Amino acid sequence: MFKGIFTPIVTPFKENEDFDHDKMKYNLDRLGSTRLDGIVVLGSNGEFCYLSESEKLEIASFALENFTKEKKVIVGTSCESTRETVSLTKKIAEMGADAILVLPSNYYKGAMKDDVLYKYFVDVAEASPIPVILYNMPANTGINLSASLIAKLAKHENIVGIKDTSGNIVQLTEIIRDTDDGFAVFAGNAGYLLPALAVGANGGTLALANIFPNECCELLSLFHEGKLTEARELQLKLIEPNFAVTSGGGISALKAAMDMLGYKGGLPRSPLKPLADESIKALRNIMAKAGAVLVN
Amino acid sequence: MFKGIFTPIVTPFKENEDFDHDKMKYNLDRLGSTRLDGIVVLGSNGEFCYLSESEKLEIASFALENFTKEKKVIVGTSCESTRETVSLTKKIAEMGADAILVLPSNYYKGAMKDDVLYKYFVDVAEASPIPVILYNMPANTGINLSASLIAKLAKHENIVGIKDTSGNIVQLTEIIRDTDDGFAVFAGNAGYLLPALAVGANGGTLALANIFPNECCELLSLFHEGKLTEARELQLKLIEPNFAVTSGGGISALKAAMDMLGYKGGLPRSPLKPLADESIKALRNIMAKAGAVLVN
Amino acid sequence: MFKGIFTPIVTPFKENEDFDHDKMKYNLDRLGSTRLDGIVVLGSNGEFCYLSESEKLEIASFALENFTKEKKVIVGTSCESTRETVSLTKKIAEMGADAILVLPSNYYKGAMKDDVLYKYFVDVAEASPIPVILYNMPANTGINLSASLIAKLAKHENIVGIKDTSGNIVQLTEIIRDTDDGFAVFAGNAGYLLPALAVGANGGTLALANIFPNECCELLSLFHEGKLTEARELQLKLIEPNFAVTSGGGISALKAAMDMLGYKGGLPRSPLKPLADESIKALRNIMAKAGAVLVN
Amino acid sequence: MFKGIFTPIVTPFKENEDFDHDKMKYNLDRLGSTRLDGIVVLGSNGEFCYLSESEKLEIASFALENFTKEKKVIVGTSCESTRETVSLTKKIAEMGADAILVLPSNYYKGAMKDDVLYKYFVDVAEASPIPVILYNMPANTGINLSASLIAKLAKHENIVGIKDTSGNIVQLTEIIRDTDDGFAVFAGNAGYLLPALAVGANGGTLALANIFPNECCELLSLFHEGKLTEARELQLKLIEPNFAVTSGGGISALKAAMDMLGYKGGLPRSPLKPLADESIKALRNIMAKAGAVLVN
């Protein structure tokens, strides 16, 4: 059963935009010592779609080898075609990942009806040696996985959870209502972690947890301890930095924020641009205001 | 200070589509004996936009005279032009309403920038003898009042709250974060009452409370008593009937559901159509499943 | 049969925002001497939704009395409820209007399915003593009248045309394909007048024709004379000022542009704001560049 | 200078979903004998996003070797990262393609501001040994390339044209207005070929031309000969089959229609599903009604 707080880690690059092993090693070590329950490798924040297949294998392998065995590692294996997603999934499974995270195929949006998406996910789940977690990310894919589709998919024994980044709290509630307790429902963004927990979510898979890992875990703890007022105060405090490194500034801002904290963020791969100087300054203020100790 | 559970009441019509005083009297009496904190007259569920100005005055007057003085009455006074909204507001204020509920002017969507909307609401608030509650209803108006605009408007002493029907829980959280404790933030739909409360909302203004008034109030009580598990169970149970009478079937379904419970719903005004027979049957099942005692 | 170029006239106001008869008289006289085929009163550009019913009657009456009898006058009678649209339509018909222009009822967007809209328009058409022209304006109403719905409505003998402001040229082509030759299809915006004519439109109902009436008519003439290159050049020239007074600056810009040309535009009614000074300057340049002779 | 009618060819697969050389050879030979000016390989209709890099190279190479040298071949090289698009572009250029067709990078929609997209296309154009044609396809990418961005990009000497599939005829007109005559503007869909030509487009890159190649070319000829009435009749006739194989049924329908005509369409790659039986029947009627001679 997957639960708790996970973070989708970034992929650090060298100046020439090649994968930087050392920087990732640093981040893995440091995240490994936080209260996080696990990480997601090759997710949206990992710039998975900018990586070749060989890079994906190298990075997943590196993360699995270098991250503490005490926490879970989920790996994103989304490709557009069923055959490529299945092929990548099998290779990742052999490496020892705990689960895979899979987006809907989405380029041909008009054709991705529920029956097509259902078959896509089931085909992947049938072929995958390890559990599948659905990944709903309409802002990037242009496709929303409906609660009814998710509920239907949740009946498959190898589909064990969902990361929902839609921000639609009613939909999240419907998913919880319509799936078994063993199906893991994760808030996909820290902006609504507390309301998601209030309706029964099992945790969150949160970009913000790259920079505020313990604060995100603390929010979960406060909620479970029934300290709702404190949980709410923390939620309100996290809204602004969360927006800054997700919908606001995206990966470029997340990497810049990591740098401020001593993590190894660095530059995103092109065409993503590094954060502009004035945005860095604003981000620094937001981070400090939220209580972060900035070392750079 | 406005707080608790309000319901936007329907406007019952006779067969010829004229306003039906007797039916409204029945509903007002019965709602008056529930745990509700108040009602909204001439809201979206009141088919306000289908009513002439003289009908609006008649209906508001009738409701104010016939509803228990122990509960609050908010009246919707939204028109497209500032002068008409102000004119109607003054007449309503004289009748003794506790507050007015005001949508953004919205036909010229492209022109309704934040500065235009700001001036609109402030002009109304300045002219209104009674407090103003903002009404964010993007599904119907095509305009979303941003958290930053609401926070700015909340500084006006005569703007005392908001009914937010956007369903964007992060936006609701931002509004709560950026306004004083005295500013009332209401969930505008029962689908997310619990998550809204979790982040600090003061209550809800809920179409569903026309048919499940005490259940909506019970959810609020459970939350305040710290009985989160029970609150969640109730929230999950209310999702389905709530969808059926709001986004799903709209006013036609809400009125049909009221009829099933012995309230006086009746037909909507044209062009709205009464609920089709097969939809009535489905609605009946949903209502029964949610625990309603159907008398018709 | 309606064809040619019409313009939806503005409603001029005094400084106190009351209707200004003298200004409208001036505009009517001047537009009456252009090549225009007619005008639309109480359309979107006439700020119809900001006017009380008595104002609507007064303005329509005034326009019908003061505009040349050699050109046609269409009057907008859109209200949200069927009964109010029918009531206004009957009064307008008695005044001698040539046709009415009717938007879909649109506040309850979720309920406005094709069968509801079909009944709405047919009910109005049945009750209307004068021909009905459909008005598709999704940017303001949030509802698009589909080609199939329009084709079905076009079979009604009292529904004689459509002003389509969707900008969807394929939809416009489908409407032309699926309606009889006697059904008038008007481009609703000068930005695509030529392409609309190319696929068979009967003309245009164009805000731009308030300020470039003869140029709009000239484009139509060039097209009918087979002078496609000249027509294209004119179309390209009109795109910029057209954008400026429609999607760009809206009614405020249209009224400002009229003032520059000596027409009586004046201020819009609140909450619409007059064009800001810097925008007026930019508009002046656009107008001059498009060949307009500015007198103010 | 690119002009005339191109078709984005499909990628035929064997039953096991591997690329089928023989089927593509057949299609290439047959399309080579039509009036088409050229083809696009690895476009959206070529299921480019379902192909591995090695498959892309194999297919492009095969098409370049087997298609008549008398017509042009454009190859799609869109990847998400700049480095991958550049890498693929260089390999394709070496094979002798006439130009490349490039989508905006689009997964991180929120980050793809105009300055980011500008740099992306310029970086690709700088690195590409052969001309670049921009590809605007908002329905699939969720990103619209604005007229102003396109005009700015068109100033680069190696960016020579655009395929615009937005369907926004005003935007297409603005592009034509704001670019030099040497910049090729192609309608990206046969649904608006005639209106696009009317405002000055240089031709079309049309999925429909896979099944109606000569009809699409005939429409262009009729337009250039000034036979506007005949062109319009043809345009109206092509709307329905065009919708059926693009927005309606997509690639699955296009491949099915090709099969009906004796071309080698076959099955799409998963997760795309083959056209359902009842849809095939409807498609058959549409094809026949449009004058196609069905052999299967």
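In this document, chain identifiers A, B, C and D correspond to the written order of the chains, with residue numbering beginning at 1 in each.
Just so we're on the same page, contacts are C-beta pairs under 8 Å (C-beta built on N, C-alpha and C of every residue); 3 or more make two chains touch, one makes a residue touch a chain.
These figures come from a predicted structure and were not determined experimentally.
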Answer with same or different: of all residue numbers used at the interface between chain C and chain D, are over half used by both copies? same
Roughly how many whole angstrom separate the Cα centroids of chain A and chain B? 37
Taking each chain's centre as the mean of its CA atoms, how far is chain B from chain D in angstrom? 50
Would you please write down the residue numbers of chain A that are in contact with two or more other chains? none
Line, ring, star, complete or other: which one describes how these chains touch? ring
Which bits of chain B are touching chain C when the two form their complex? 17, 44, 49-53, 80-84, 105, 107-112, 115-117, 119-120, 123, 139-140, 142, 247, 250-252, 269-273
Residue ranges of chain B touching chain A (in the complex, touch as defined): 167-170, 173-174, 176-177, 189, 191-192, 194-200, 226, 228, 232, 235-236, 239, 243
